[in-house]
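Two complexes, one shared chain (chain A), two partners (chain B, chain C).
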Partner chain A sequence: MDGFTISVLTNIALFSFLAISAWILLIAGEISFGQQAYFAIGAYAAGIATAVWQWPFVAGIAFGTGFGAAVGALVAWPTIRLSGLHFAIATLAFAELVRASLNVFSYQRDIDGYATGPDGANGFRDIRWVYEAGIEPGAYLVIVAGCLAAVIALVALMARGRGMARLRIVGEDPILAAMQGLSVARTKIAAAGLAGGVAGMGGALYAHLATYIEPAQFSVMTGVHALAYGLIGGLGTVLGPILGVLIDIGLLESLRVFSGYRMIVFGGLVALVLILRPRGLLDERNVHRISAWLRR
Partner chain B sequence: MAAALEITGLTRRFGGLTALDGIDLTVEPGESLGLIGPNGSGKTSVFNLLTGHLAADAGSIRLSGREIAGLPSARIVRLGVARTFQNLRVLKRLTVYENLRAARHAAAPALESLWQSRAARRAERDAVMALLALFGLEDRAHDTSDSLTLMELRELEIARVMAADPALVLLDEPAAGMTAAETDRIGETIATHLLPGRSAIVIEHKIRFLTALCPRLAVLNAGRKIADGPSSAVLDDAAVRDSYFGSGSC
Partner chain C sequence: MIDVVQNTLDGLAIGSAYGLLALGFTLIFGVMRRLNMAFGSSILVGIFAGAWLHGQWAAGMIPIFAATLAGAVLAAAYVERLSFAWIRGDAALASMASSFALWMQLEDGIARAFPQRSYAFPSFDILPLLELGPLLLRPEFIAMFLTAAVLVVALHLMLTRTVFGLQVRTLSESREAARVSGVNVGRVAFLTFCIAAAIGGVAGFLIAATDGQISTKLGLWITMKGLIAMVISGLGSLRGALIGGLVLGLVEAQAQWYLGASGREITVFALLFVALILLPQGLAGRADAAARNEALRRL
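Moving on, here comes the complex of A and B:
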């Protein structure tokens, strides 16, 4: 594979974390414009862990993931009582709050004669673990893809067990969910924690690829894209948000014919899909059809 | 032995309107109580308070002797209460199978969110499919439930109550919108499969359907209980006829 292909594939995989994160909340019936905040939190936490505290890479990624999950669940605890538009606005506000806080967050230590760590709006440079370990872009793509596969496997396990069903019931009809004995608040908090963890893992992996991160990278538009991926790709399966990423990053951003027109085409595409298939290309009905066909 | 359900002084106000005004109701274990009354008399409100969907302003609700007023819905349901809805509530985006399975999630351990053993999944599938077969819905198991007819949706709701295996069943107009033949069929299903061994309250306007299921009736009017007793006696009651059918009519 040439360098361009590797970088496109890595980008697709990294955005998939964010897209799956937003998708999980969509399944639980909530629209979040703020999953980029957990991506940022994961990126900063993992970067601090490996660059400032000198933790090994795996521990750093785990820390970014866990931190994203913890903050996701913690933020959901008061906000989950909101619903619909109010919850969406709360997620947007929280994401901007995180970005603004990172702009003034400074935490540096002297590592090998260099001040290392986040320095507010100046960003956080020298997250060099992967670079220093001599991991090539192709090998890093394998690591990122492996982590993504683990996330997909987790969702597949939940779909086989009761987890996804619990999320979908709460997402479709919270009153009926309560009448089936499910705790709506607890289910949604669990979903938010899971979504935060998935985004956090993506951010942690991204930080180590980029080696330099800054608050401006985690803007609202990133979150809006993440949300759109699930909506166009479909809410019926975890492959839906990945399909959305493939369409946007794989086709629109990477093919030369679309250069300069990506946002116009993507915006039009989102509008079109939402009109024709409100729950995306791989929506529940299609997924049931396909799986019934596969069962034969 | 404590009553399956004992409601005393149940009161609920909506702003200036008193929807329920000091209702007393008792259901003995295994008994089916029919609940009738004109539209707006508070029948569905009784169900909404009983299941914790609405909070009571006053009064007590005891389930087998245990006070449940004020508990969250999910807790009450897990204590063994299941209901159907006047306007049908099914998960349209989920399959028929998943709609039935929905009743079984709450009782299962949280860990099964992630891991359900092969044997457990098979046992669950057999149980759910057996229930679907009872209603002739086994061929529809993997269709999304928005493809079902009204009759099938009603049956799905009743099957879902059975899947939850509750001690107390609350049916809110299970025969609404059905033809005479469908009404007979759903009545027979309820009588043979749902009610035996359980306590129940059934709301229904179709009196013949109701009296076939419930030997005892309670009548609500404007948030108050105006009669309670054996069905035939209650239906002969002048006050009941007045409130329900209007004085001087027929």
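Moving on, here comes the complex of A and C:
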């Protein structure tokens, strides 16, 4: 594979984390405009772990993931009881709060004669673990894809067990779910934690690829894109958000045919798709059809 | 002390523009029960239509104002058809995602047609600066405040005194009831959408004329301010939307003065977050909030 293909594929994989994160909450019946906050939190936490505290890479990624999950659950705890729109705005407020706070967050230590660590709006440079370990872009793509496969496998496992069914019933009809004896709030908080962890992992991996991160990268736009991917791709399967990312980044950004007109084409395409399929391309009905066809 | 008063005046002025934006959001939300994410970008289209007219023919304020309104309403009509009218009634999520996609499309289209970083917008430089003792009052700010007041009164009269207003209110109470009583639901929703865009267009025109220059970033900015102001007010009423806007303007002006730009951002979003948790009914929360929450939960 040439360098261009590798970078496109890595981008697709990294965006997929964010898209899956927003998708998990969509399944739980909540709209989040703020998953980019956990992406940022994961990126900063993992960056600080490996660059400032000199932790090994795996520990750094795990720290970013765990931190994202913890903050996700913690933020959901007071907000999840709000109505849908209020929750959506609360996630937006929290995400912007995180971005604005990172703009003034400074935490630097002297590492090998360089001041290393986040420096407010100037960003956080020299997250060099992957670079110093001599990991090639192709090898890093394998790492990112492996992590993504693990996330997909986890969600698939949940779909086989009762986790996913629980999430769906809570999302579709909270009153019915409560009558079945499910704790709606607890299920949603767990979903928010999972979503935060997935976004945190993506952020941690992103920080080590980019080596430089800054608060402005984690704007509302990023989060709303992530949300849109799940809605276009479909709510029926975890592959839906990935399909959304593939259509946007894979097809439109990378194919030069649409160069410059990407958003105009993509925007129109999305609007048309949603008129025909309000729950996305891979919605429940299509997933059912495809799986029935595969079983034949 | 003088600073506090001056900040309050500035805050109220910009806050009345925020209030108008929130008014547009509230109207659309009231009738559609869905969020229109493309609200800011349709206003952006209007503002750039005005700026284009200004750059092309150095037109006067009135044609520019008309172009701004026309652009905003046309773009909003496009959004209404594609993202709201043609999407099934129960798919609130799809409408939101679709309006987001159109936001991207409109914003990118504008950025493509107007590639420079910023464009000049005519300002009201004919009007003199008012001095009240140690206080300074920019004429644009007075215009903003007065326009907001007039528009709210006009809107209130329209909603309470006309048949169309009655239809809008019926629709926002219950879509089904409106249909049964013979209201042309699609037409009323479409017209409400256009009125909301026109109000937003007025706010956008005032904001652009105050700044004297515009960039494509304004779309996101307008959407954020309108949403925040609407939520602070508690989605309750038109009056609430205006109050929400004024509160947001006040807080921003004081925080900007005492804490600087990044402090302002942190304060506004922290306040919004805490306010949502402690006061989800908003500042103007009222008895009908419970009924509305039922509709909101479905979103």
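Throughout what follows, the second predicted complex is superposed on the first by the 296 of 296 C-alpha atoms of A that agree within 3 Å, B and C clash if a C-alpha of one lies under 4 Å from a C-alpha of the other, contacts with A are read in each partner's own complex, and residues count from 1 in each chain.
Methods note: contacts are C-beta pairs under 8 Å (C-beta built on N, C-alpha and C of every residue); 3 or more make two chains touch, one makes a residue touch a chain.
Keep in mind it's a predicted model, so treat the numbers as computed, not measured.
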{"item": "Partner chain(s) touched by A:57 [first = chain B, second = chain C, both, neither]", "value": "neither"}
{"item": "Per-residue touch tally on chain A - higher for chain B or for chain C", "value": "C"}
{"item": "Contacts of A:172 with chain B and chain C, given as first, second, both or neither", "value": "first"}
{"item": "First (chain B), second (chain C), both or neither touched by A:180", "value": "first"}
{"item": "Touching partner for A:100 - first (chain B), second (chain C), both, neither", "value": "second"}
{"item": "Touching partner for A:288 - first (chain B), second (chain C), both, neither", "value": "first"}
{"item": "Partner chain(s) touched by A:218 [first = chain B, second = chain C, both, neither]", "value": "neither"}
{"item": "Chain B versus chain C as contact partner of A:39, first or second or both or neither", "value": "neither"}
{"item": "Common ground on chain A, meaning residues reached by chain C in one complex and by chain B in the other", "value": "279"}
{"item": "Residue ranges of chain B touching chain A (in the complex, touch as defined)", "value": "51-53, 72-74, 77-78, 82-83, 89, 91-95, 98, 101-103, 105-108, 112-116, 121, 142-144, 160, 164"}
{"item": "Chain B-facing residues of chain A, complex", "value": "154, 157-158, 160-163, 165-166, 168-169, 172-173, 175-184, 190, 279, 284-285, 288, 291-292, 295"}
{"item": "Sites on chain A touched by chain C in the complex", "value": "26, 31, 78-79, 82-86, 88-90, 92-94, 96-97, 100-101, 103-104, 121, 174, 220-221, 224, 227-228, 231-232, 260-264, 266-271, 274-275, 278-279"}
{"item": "Footprint of chain A on chain C - complex, ascending", "value": "35, 37, 82-83, 86-88, 91, 93-98, 100-109, 112, 220, 224, 227-228, 231, 235, 262-263, 265-266, 269-270, 272-273, 276-277, 280, 293, 296-299"}
